[in-house]
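Below is one structure, written out as structure tokens; the observations come after it.
Letters are used for the chains, namely A, B and C, taken in the order the chains are written, and counting of residues starts over at 1 for each.
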């Protein structure tokens, strides 16, 4: 399946991916309103230390630990698209998934009704917003072996 | 000469025609006049002319120098120069007849001459180079004088008027040549001077040309580096000198010269056999500034025959025909059919594809 | 020394209604202009450190930033302008030479803008490059007077030539003055497009050897990074005598830019200043130059053309003629608007002459001496667009070097602070966190897009003139007319005034 891959050597650490992730997952889809009026946790995380930075988000693992850890079946892998989906209605907020994820890309949602926040690959768009808006092509959305 | 110091190159449209008897049999000027006259509409009466090869068999070793003079002063000055630098066998007025439509001709004279031996060895030049430099010198430095042609056993007859009237004026029916070329002119400005008519010549190269050379500025400055002076401000003059440079001075074959002036496209060169490709690439690399760009069809006349050529993307008309003894070339097919109603073969060459008409036994000139 | 008399050159205006406090500007500014103030709970800016490179403006996702020149005005004075006063304040504070980067920005006449191009109407047809072939191929190198065949009728080999698909090359910019990613972007673009790029005096980084066939390796007065493998890695060798932005002086790459890679490539100790002497200390005369030209030809087995690059100075025509006679295959003339990574401001803005006039004079002189048909001529020094290139070729150039334009396509916004090493666009810097900002794949694509666009424009212009091969434009000054030029200027340029 197509996944988002980070190219650390070109990541500026500018965090525009986070900005556009938030906008993409907002109700208004307006960058200013999304940040000023809505409360959204970005699903992509820039990790940086000194001069090294890179973006991290859900890897949509083949055998995803989070799906096994979830006690209510709120996280499941879609066999067709390969996307690891999260269903807020089923979620009871036990955070087992957060502990199970070896990449650390499932975060507590700090604002909304949902309990966790994770990448959904912007399924309704052609390409995830973080990839489209990376100013240095440091994120690639592609099929890799 | 009047108009010869015009600031601009002179732009023109035109008609051209040529007839070669490949066996070298000579024929009168009547047919070439008929041919070019049929294309009357392609001229506007501001210039017509003819080149004829083989017309002076009795003086065939001598350079036949055709001259225009504005006045007797100019004639006197040039003759002073010619007498010092040449041994003149004959100096005479070129015969003409009164023609209503031809007015204000210059003084028209011809000389059969050989370079002065002493001067020749003094300058250490070959005959042809000596003559070429003398021609360039007269055209550049003698006011009111113009060298019309300077080859051996050939001559150019040209002036202001429709070509058929010019032919009549010069009594061309009385000359016999194995190669005739002709030109009817439609200049877009009107300098109206006799020297500006085609053909343009140097030694026995003559050019009749339909079109405009957009690369003139580049060609002219390239030629200047080899000592050519483009004083007539016409692109046709530059074409003549380019052929002189490549064929006479650099001893290129006609085939190679064609590859310079109507160079094959790089995309064509890419597809050539390795050896041919190497040569074509070298020619374009060295002779890039000799490339003729812009719309043209030309007939280059010389003692061995002619070369007719279109620009690379064929922006001017050119038709060729052949019968048993002759090769015809003209702007329009009708101009050929007028004098040869049933040619064995008629075709339209592609852009940049040379048409070679050579006397039998002179084929080595091509490659 | 107490109070710094300098005031901010630029003022940053932030539209608080748009600002979303995302801090992208803060993360992007190597000058640390932007910061999030915890107490005020909003972004603030330190105007005095802003160089107006537009990195923050470009990356701000909500267009909340505007940078203006400081609107504070000095008392009107045509002589003592604000700029003059500020320069003096700077020097009074530091005691140093005024330094700057990129090309001469002063309001002197730009001759390109006073030259107009011709087009066909009626008497010859213009040519549509979308339908007809249009050829821009150019060969640089020594040409014989005429084609020659040996006794067996075999073509004699021509001296080595550089084949360019478009008459554009990327001018000399060293690894050191620009980042490895900028070098890679240019090298890759040159390879993909069939052009050349020039190493400048920085040696050749190992990663760039793969682009050797599209590389001109430079030999300058410091001889940095010059060795046999280097000379033979490229397709041509260029001796740099002078640079348009700083004729008559050498170069200085500060030690802080000499990191491990630059050190290795230049073959100098890490952290040491790389000082290029003003002259080549083995070239004090034209005959010395000849010796170096032939030394380089020997070293490269006569398989590579040798170029000599000089700055356009007063006597440029005679110098160029000497260079041609000394055996150079290509002469490169760099005009006084040419760029630089670092130069003393006074020199950049006052030394040298416009490349347009230099080109016309050199081409004329070489033609008078019959040398132009043998030697190739390349010009540089602020070629800003495709029309400038067409004008340069019509004036007599075989090809042009572009450098500033290429860097602008990579992101440079002409802040002229290359010498600080803090280029926010990852171009004129060696700081790893800044270098990585220029992804060479993105960079190469942007440069390629620029050149592709220019080549389309050149073809359109040529077609309009009724010309379908570049060689018919070369030196074809009939295609040019001047406007607002004096008789003398027209005479030097060898063109007529519009209307004539």
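The definition used in the following text is that contacts are C-beta pairs under 8 Å (C-beta built on N, C-alpha and C of every residue); 3 or more make two chains touch, one makes a residue touch a chain.
What you see is a predicted model, and the numbers here were worked out from it, not measured in a lab.
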item	value
Chain occupying the middle, per Cα centroid	C
Far-end chain from chain A, centres as C-alpha averages	B
Where chain A and chain C are represented by their mean Cα positions, the distance between them in whole Å	43
Geometric centre distance via CA averages, chain C-chain B, whole Å	47
Cα-centroid distance, chain A relative to chain B, in whole angstrom	79
Where chain A touches two or more other chains, by residue	none
For chain B, residues contacting two or more additional chains	none
Chain B-facing residues of chain C, complex	120, 122-125, 127, 132-133, 135, 137, 139, 143-147, 155, 158, 161, 367, 370, 372-373, 394, 465-469, 471-479, 496, 500
Of all residues in chain B, those that touch chain C in their complex	7, 9, 11-13, 188, 211-212, 214-218, 221-222, 224-226, 249-250, 252, 256, 263, 265-267, 275, 278-279, 282-289, 291-295, 312-313, 315
Touch list for chain C against partner chain A, complex	17-18, 20-24, 27-28, 59, 61-62, 432-433, 436-439, 441-442
Residue ranges of chain A in contact with chain C within the complex	7, 9-16, 18-20, 31-32, 35-36, 51, 133, 135-138
